[in-house]
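Note that chain A is present in both complexes that follow, paired respectively with chain B and with chain C.
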Partner chain A sequence: MGEITELLTLMIPAMVPFLLAAQGTVLSGRAGVFNVSQEGLMVLGAAVGFLVSFKVGSNTVGMAAAFAIAGVFGLVLAYMTTQLRLDQFVVGLALYFAALGAAGLLYREVIGVTMEPPLIPTLEDKPIPLLSDIPFLGEVLFDHDLVVYLAFAISVAIWWFMYKTRSGLAFRSIGENPKAADSLGINVTWARTWSTVVGSGLVGMAGAYLPMVYTGLYTEGMVAGRGWLVIALAFLGGWRPHLVIAGAAFFAGMEVLALRAQVAGIGIPHQFVLMLPYVATLLVMVFAFRWARQPSFLGRNYDRESRLVG
Partner chain B sequence: MENPRLEMRGIVKTFGPVTALDAVDLVVGRNEVHGLLGGNGAGKTTLMNVLYGLYRPNAGEVLLDGQPVSIGSPKDAIAAGVGMVHQTFLQVDNYTVTENIVLGTDVPGPLRLDLTEARERIRELSERFGLTVDPDAVVEELPVGVRQRVEILKALYRGAKVLILDEPTTNLTPQEVDDLFGSMRAMVDDGMSVVLITHKIRETLSVCDRMTVMRDGRRVETLERSDTDAEHLAEKMVGSTTDPGAVVEAAALGAVDAEAVEETLSSVGTTIAVAVRDLVVVNDQGHELIRGFDLELREGEIVGIAGVAGNGQVELAEALAGVRPLRAGSVEVSGRAMGGLATSSWLEHGVAYVPEDRHRDGILPTASITENLVLGSQRSPKVRRFGLIDWGAAKQRAVDAIAEFSVRANGPGTLVGDLSGGNIQRVILARAFARRPRLLILHNPTRGLDIGSTRFVYQQVRTATAAGCAVLLISEDLDEVIALSDRVIALYQGSRAGEWPHGSVDAYEVGRSMTGLGEARV
Partner chain C sequence: MTAPPATPPAAPEAAGPRRVADALWLVVPSVLSVVAAFAVGGLIILALGQDPVAAFESVLTTSFNTRFGTVETLHKWVPVLLCAYAFAIPLATGKFNIGAEGQLLVGATGGVAIGILWSDLPMLVLLPCVLVAGALAGAVWSGIAAVLMVKFNVNEILSTVVLNFISFQLIDYVASHVWPDRGAGHPATVRVGEGALLPGIGQAPPLHSGVIITLVLVVAIAIFMRRTSTGFEMRAVGANLRAAQVHGIRTSRLAGAGLVVGGAVAGLAGAIEVAGVHGKMLEGMQSNFLILGIIVGLMSRGSMIAIPFIAFGIAVLEVGAGSMQRTAQVPVEMVLIIEALILLFLLLSDIARAKLRRN
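Up next is the complex of A and B:
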């Protein structure tokens, strides 16, 4: 296997947490809800996903549990912002801390302190018949675990929903001008609520993927700031699902490169190499912000009554 | 009237202790353009918001085609065949015309959006009613006049039988107004009824079949077009025409010709008060919105800038007020070059600014009248003692200003955000005049004000010019610019597109220049 092929093959599963979490962020963002609790939801998703898989013995159930628990956090965010009209950023940060704390607590309660950390089986690769036989491409794209395919399928589905369906047209208008949407009978609160629940659920799934893919171990800090990078990724992709795929490839690529550089043992401290994705993010954002656009009502609550005042 | 399209009977609407509508009746016939005429605060828009389901009336009933209807939300109104075009458009900026129009309707394709049919229907409607628009254009790139057509098409697409237009001509050029009136004619010929909310008498007379005059939340009179004239309507609207101030105002309302107010204008001095040369100003995004603008203002002169919103008015006003840096060129006030000086120096040299968005740029809404009046004068010895602000003196100044400018407020401690638009404007004027300005910049100074406050603003402008102050009046209300200015300059894409002295201004010519079709450009 060539070096390039190997790097790309590693990059695809590395894209998964970025893809799932960023598409979830984009989904609620296009309805105007700016979720900033990703890092916490991913940590919680990782912990719950791991613990449920460990206890039940099924990664699928673990993943579903992670989706559900993060979805509940999303419901809280949606309720606080659409019904109580609290500041989205403040509620999001509070949920980040709550999720972080819940994750640590759950692990300690269920596993406790052990000399030998518990293990879960990692996800199996399921090559897609025929497609995986294509030279180079088959190896890079079609020889992975099921969640990889799912993440790409979800990305395409969200893109299709937003840009190709009638409800998608209505949905996107909420993030741009909720007043206009409301005046045409589109239910702003409902759209914001379901998209925040589903979007947060996807962020939780992104977290659950981490212990299931590489080591089968749960370690504190394994999310390693990916949740924050996801926010940058949403901006980088201009809150558009198809561009987010490209952005996820970039972030995953940086991650894999940093790992490689570490293994290759080039003579710089590995902490610097680990900084690579973050430095690259900063640089890219400087340029991306010039062209990337975002929903006009991103992060702003909508109050129908204020129309009557103004 | 037999078999009317719409009847509103005894509509009462109160907001807290204020009665906005006091048992108002309105009857609109079929095939009729009905003018709803009145000054700001007369209750026209409130009445129509009741019809459109935005407000719940306290009493009264609505009948459409003789049947009582209950309208609790805009959705009900649309279903009943009522459409409304608001003054501010409710559009998704980055959507196309078609997407904006079909939004929320059942276009084919729940799983795969198909807009071909909708596009055809829009094309057909726009042809039938003369509402020219490209269905595939993105609305944020369209001028105001076209965006308004999109709003109208939105109502027509949903099958409106009664179309309400709220002050639709505010930001239009005279040519666009003619087109709009043509479309309204086509609609009523097609069997629709149109309600035109306006405060402009001339418009009412030129397009309406019947009209209802409102004042102070009451219906004053309903008239046939053939039974009335401008003077009569002005009298009904304003209440009296004997007051000299009412003449200027009536002219601005379009009731009488601008020439009638000639003698009320002040005499223009000979000394040049302000000289602007080759001015270039950029907006927040770095685009040049004022490109090589020249202007000389004499003492006591009012120069009006006419233009469609977004042609550099804000940038010009802010640059001349000293709150936006000059990219190139020079501004001299009383012979002194002002470029590069701090805003405080501009203030000290007698530049006063009444911004367009009075809530955002003019005041601190959560601060008191006293505090708002101190702003900008905080370094003046009049309100300072031992290096700190002398709040006693500041409060006394506020008390005086409230009396002199007739601000309706409980006292100097009232928060400015709690005042009405007209009273906020009085506070801003009081602050502007506190320093005896040499240059007064007014941007849309009467937008949204009631008749009394509009008149007050005009009086203050006259007082200022009599004292030798030069006034730059930037307004999207063409009638106002023409009625008040000694000279009118048309602004198009940041440059001067024509100039006319008072008395020889043709609104259509100005309109052409404002849209880049003037002779100065050809």
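Up next is the complex of A and C:
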């Protein structure tokens, strides 16, 4: 029992980067903007979040800065795809490169080469009063840092907005049939713009969480492909915020298990253990793409003057 | 009396300026995009408190100042170019292959396996086997993504990326368990047999002959895309999926084939890196070729002919980046930012050109 509690307790914070970034991806995706710059935005978010926290001395400010800078990249993506109608994948990839370059440049300029890598304080656990006293559940769910609660709150908020409000219904219709939405007076461009800015900002925050949660260090390659897995996660969850939570648990669970198996040494070379999350992702996607829905206008630009839709 | 027909001599004249105008519409925006990207990059360098003129001078001249720089540039050109093809060939059918680095690494694994296992064979037999094994291994690796895409409808962006991360662990395993070089202090295999090495051209430092293989491949790919029916079908699918389907082209099978061919090219790049540069397989040998290949592929915007030239330009920038950091104290990442800016400005120039020409 102790072992399982411990694994689950580790899994919850491991879910956070997946959750924040995947909900951000889902948010813009439901309006039809398929962002593929997540990996770059997470790296940039990690670098900016770390550097600002280091200089200002506040993780909160660092996280806000990561949100802001990734949001600016999202604005560029939104402008180039809604106003100029450039290909979403091509612009997304270009922004991925720009973000990678900017992250490396900023770290090297601010920190340079040092003998001792700089450290920021890691986030403190803030147990929720009363709830954290519940045996088992309290320990697993309610004894974490504030960003954990925030990530779950954001997930619920996005789900609430999309499925329980009138404007959420209008919002979702854009990703399915922008022409119909437009004819009902829904502002397609505006919805795509704000959702891409906010969604990208969440991806940046997901990156910023990484140096703040485990070690307080920033290392190149610490994002380690999570940005790409997040896209897989969005597909796996059928672009629905509540299913994405379950998917994030799966990805985080694989990550925690692989690390644990590596530490425990189970007779299999650790390379194969570290492969597992990715192999599992491939296998799961076979089912995800068979069964899960996706917005029908995902990844395509809307031109109101074009007669062809669909 | 013998009035010469007016039209025939006039036709080439009319075509001449038209051709020139077309070429200008192609060249001028591209040059402006590059200049604009360097201008923005220069402003960033100024903001960092460094000298942009000195920085750009070392970026642009390092490749041509010494034989060493030139050889290094050509050695970089080969994998960048092949990874660009690995991206651009599937893109011709509308599919995004983000897996060139995994395909390159698995190709290197295939090449190094043959080079170590059959190390006693003479070069005439062994070297072709190494290169073919590399291409086949790369094709198998991207073939996984192709099967998932064609049979199970799995998005190829995701499957190719995820296969990259699997390949990192795979080569780490090969380099630390199967043929480890314990003395390397870094995951690396033992060296391949002498017969598996590409002969060098010239002296100190020699240029590996993989450059010639690559040149042959450039011509072959251009012919394949322009002159064969499969190449034509691939371009048709990329240009208009619906029209191609209506005309009876089996589009999904073709897209799968595009991925497999792309993987074979990337795998060949891996084998050439083993046989020409390292003489073994080592962790990190994929460098940033994936990103550079994608950048080149996107910059070419569908022109297979442009890819070798763009790849050369990118190789020059990459070789210059290191010396820029040493001499002008501008971080190497600046070059990646400039490359991304060039790409964005090229995309914008397409829109501007379409608008201007219409008026």
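The criterion applied here is as follows: the second predicted complex is superposed on the first by the 306 of 310 C-alpha atoms of A that agree within 3 Å, B and C clash if a C-alpha of one lies under 4 Å from a C-alpha of the other, contacts with A are read in each partner's own complex, and residues count from 1 in each chain.
We adopt the following convention: contacts are C-beta pairs under 8 Å (C-beta built on N, C-alpha and C of every residue); 3 or more make two chains touch, one makes a residue touch a chain.
These numbers were taken from a predicted model, which means no experiment stands behind them.
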Discussion item. Looking at A:Ala153 after the superposition, I want to know if it touches chain B, chain C, both of them or none. Which is it: first, second, both, neither?
Written reply: neither
Item to complete: With the two complexes superposed on chain A, say which partner A:Ala170 touches: chain B (first), chain C (second), both, or neither.
Response: first
Item to complete: Check the residue A:Leu84 against both partner chains and state whether it touches chain B (first), chain C (second), both, or neither.
Response: second
Discussion item. Contacts for A:Ile186 in the overlay, against chain B (first) and chain C (second): which applies, first, second, both or neither?
Written reply: first
Response to the item:
Between chain B and chain C, the one with more contact residues on chain A is chain C
Discussion item. For A:Trp228, using the defined touch cut-off, is the partner it touches chain B, chain C, both, or neither? Pick first, second, both or neither.
Written reply: second
Practice prompt. Classify the contacts of A:Ser296 with the two partner chains as first (chain B alone), second (chain C alone), both, or neither.
Written response: first
Discussion item. If we overlay the two complexes on their shared chain A, which of chain B and chain C does A:Tyr278 touch? Say first, second, both or neither.
Written reply: second
Practice prompt. Could you pull out which chain A residues touch chain B in their complex?
Written response: 164-170, 172-173, 176-177, 179-181, 183-186, 293, 296, 307-308
Response to the item:
The residues of chain A that touch chain C in their complex are 36, 80, 84, 86, 89-91, 93-95, 97-98, 100-105, 108-109, 224-225, 228-229, 231-232, 235, 269, 271-272, 274-275, 278-279, 281-282, 285-286, 289-290
Response to the item:
Residue set of chain C touching chain A in the complex reads 48, 96, 98, 144, 148, 152-155, 157-159, 161-166, 169-170, 172-173, 176-177, 291, 294-295, 298, 331-337, 339-341, 343-344, 347-348, 351
Discussion item. Under the definition above, what is the set of chain B residues touching chain A in their complex?
Written reply: 54-55, 74-75, 78, 90-95, 99-100, 102-107, 109-113
